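The following pair of complexes shares a single chain, chain A, combined with chain B in the former and chain C in the latter.
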Partner chain A sequence: MDTIATTQKLNNDEIFDLMKQFITEVIGEEFVEEMDITPKSSFTKDLEMDSIEIVSFSEKIKTHFGEQIDFTGWLSAMDLDQLINLNLEMIINYIQECQSSK
Partner chain B sequence: MAKFVFIVPPLTGHINPTLSMGAVLIQRGHQVGWITLDPDLAFKLPEGGELLLIKYNESDQQKQDSEQYLDIITKKIVYGIDSIKFLYEEVLIPLNRHSYDGIVDWLEKYKPDLVITDHQMFAGAIAAVNQKIPYATSVTAPAAIKIMDELPKVHEWEVNQIVALQKELGMDKLTSIACSGLLTMVLTSKEFFGELELPACYHFVGPVINRKPVNAYFDWDLLNKINRPKILVSIGTTFDHEHKKNFFAKVIEAFGDEELTVVVVSEPSLFEMWPENFIVQRMVPQLELLPHLDAVVCHGGHNTVCETLMNGLPMVVIPIAYDQSHVAGRVVRVGAGLRLNFNRFKARHLQEAVYEILQKEDFKTSALEIKRSFIAAGGTEAAATLLEKFSVNEPLFLLNS
Partner chain C sequence: MPVIKVNNKDVHIQELNKGAAETVLLIHGMFSNLSVYYFNIAPVLALHFHVVMYDLKSHGMSERTLEGYDLNSMTDDLYALMEVLNLDKVHLAGYSFGGLIALKMAVRFPEKLRKLVLIEAPDPNDDKTRGIIEEYSREFLEHYVANFTDTTKAKMGKRQMDRNHRMYEYLFYQTSIKKDMIQESDFFNAPEINTMKKDTLLLYGSASNCLEAGRQLHKKISRSDLIPLDGDHNIPIQEPVMIAELVSGFFKN
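This part shows the complex of A and B:
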């Protein structure tokens, strides 16, 4: 599943669903069911994911999009406050940016 | 004969290893002191150890006020990456700033040949350099020196906090001196720590845990009364009441009336009733207890994890904050246990995880492998020998490198 090379551009909703799928894979389906995940959900405060879980989530994005986006580069440039406030919308916007610049 | 001084933060997990190392140095005929803010350390020091208590003039309101970080760390609920920010901004930096003058005073008076400072007591390293005394570092929470490749700015941010304090205390250096360039002892084995390129001054000495037995009552007959698996549940000394209440409510639901004997480290008054198969005590003689057990449930504090592995026991780790997420990650990576998310896990998950580590032999086998690597690393004796080596005639150019 993870190795699909997505060539067509995804819209915001599709990216959001994909993010939700990755979060589910990292923290488990039954927990996700109880959460109200929105684009505004932050990883640390709302989803209560710790650094190791955020890293596994980023691995999944990397595997999925491959060369299309430099997710590791983007994430590794984040300072502590940015990481604490990191939410789904920021990632959606970043992926959109990468797609539209192709 | 040499004169050593340990500089420790008021955190049990960071103090205990220094007590063992100090005891061995004293046995070998050296003079050893401990610089601390905590007067109660006097009761824990090995025989012959000297308490060098940091005390400030009581009229100094600023200094009095800054002592509040001691309370803060137990009261505030922090989680994930947020907890790193909290740890530095509200605990470590104020603590180090507060301790600095007192450390300098003691170094001037005591004149040690070698300072051994905790990696989180960077004020000790700064004071040693400013006083031109060689220093070694003891890394009691090894995850702290590990950099996450994906999130390099987290480590960079930590270093910046230390560098800013160094500058404030008169040291113009753009890198952190928290880990000594002379000798940095990492209190674990390479096998448990994982791959990371480190300078030659880093020595993996293994966990240093052969400390004095704790004088805590324990009903051994009750423990051994029924022949069934025995587990220990402990989430350490640092976390507050609300955290504990939620946590132990789930522990009760998971293990109440199961075919297990469950030893719980907690205030018994936390609940009016505990299940009959529970033994609940505020303190337990953990080192003596571990050899009788089959598995451990803990929060991923480095000391408890090492003590558990040293007994070849599998564990379920439920990290709460700070570096515990890393420690838990290592336990899973080496195959010695399972991890759960502190905020999300339910009683059922804890129960399933504990039965899994009890039933699948692989977890125990992996724990035993780590145990062997710990023993091979040398422990307390190896650490003491390294300290002796660096206490004599070290040229000053090695300082501050």
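This part shows the complex of A and C:
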């Protein structure tokens, strides 16, 4: 798959906006309009995303950040409870960690 | 999101570790999608193997299709997918209905397979398997979610429930899936299963209704091992790490 990796480091707000954009692309604008997406929003409980939607979302993250992050590897270390409780902030923090270690 | 054309239909696939020498192909179950492998099982397998996952027709993000849910058609689809991806020979693992597709593949196209893993493949002749196919309703889905998915801990919200309901309704009332599955009732009695020579690992939940099907297959497939794991039919979600390690070890050995 082609990767459009960005080399530019993003701050927390920029990563958050990017996540919101990806979520909108995955579940559709009409559902996002009814939601108050915050960094504390969890994918499963608050955003009601199902697993195949989280796959789509993950692919967007991987495509955007490319080699900078090992998103699938990071997710695979989580058990089901952690995956269910996964929220935007955890991803933002993970991406920040990867960016600062480069 | 990689969507490729196979026999003129859109098929959603995911691949990991493309450069590896050997490929593991993973088939999900009915009313499910490739996400059953994507988060935990596939990344472990990808430490050693090229991993390919795909969504079956009308499932996940693959194109909706009205017909062809019998095991011949499903294995024709898989064969065509392997052709498109240039996969000559793969290790194959299937869960639930996907396990039946994997077994049919081993029977029909043994030259395309290295080793075989069947996770919780049900006996299509079992009343409970057939009951699910024959009696779908919104109440069934709500009951099913309330009573069975608690073992997977994931609760469905309204939008998820609606999405699932639409998929079930489409599959049950518009496609040929019911008729096609009823035709497969005798599949476990096919003589080719007894003569199949692939190394086969059978993984079943020790508390699963399908464990008896695993025992039947163990008797029929000469080169098979049956390993019961703690859990029920949802073992890939209950014990993903253990499944991934067992499958990886079996394919590597």
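The rule is simple: the second predicted complex is superposed on the first by the 98 of 102 C-alpha atoms of A that agree within 3 Å, B and C clash if a C-alpha of one lies under 4 Å from a C-alpha of the other, contacts with A are read in each partner's own complex, and residues count from 1 in each chain.
In the analysis below, a contact is a pair of C-beta atoms (placed from the backbone, for glycine too) under 8 Å apart; a residue touches a chain by one contact, two chains touch by 3 or more.
Quick caveat, the model's predicted, so the values are computed rather than measured.
Both complexes share chain A, so when I overlay them there, do chain B and chain C fit or clash?
They clash: once the shared chain is superposed, the two partners overlap in space.
Per the contact definition in the header, classify A:73: touching chain B only (first), chain C only (second), both, or neither.
Second partner only, chain C.
Please indicate which partner A:84 is in contact with in the superposed arrangement: first for chain B, second for chain C, both, or neither.
It touches chain B and chain C both.
Classify the contacts of A:51 with the two partner chains as first (chain B alone), second (chain C alone), both, or neither.
Both partners, chain B and chain C.
In the superposed model, identify the part of chain B that clashes with chain C, out of 25-33, 61-69 or 187-195.
After superposing on chain A, the stretch of chain B hitting chain C is 187-195.
What is the shared patch of chain A, the residues that chain B and chain C both contact?
27, 31, 44-45, 48-52, 54-55, 58, 72, 75-76, 78, 80-81, 83-84
What does chain A use to touch chain C in their complex?
1, 27, 31, 44-45, 48-52, 54-56, 58-60, 72-73, 75-76, 78, 80-81, 83-84
Where on chain C is chain A touching in the complex?
Against chain A, chain C makes touches at 1-2, 14-16, 33-36, 38-40, 42-44, 46, 55, 60-61, 152-160, 163-164, 237, 240.
For the complex, give me every residue of chain B touching chain A.
79-82, 84-85, 148-154, 156-157, 319, 325-326, 328-329, 341, 343-344
In their shared complex, at which residues does chain A touch chain B?
Against chain B, the touching part of chain A is residues 27-28, 31, 43-45, 48-55, 58, 72, 75-81, 83-84.
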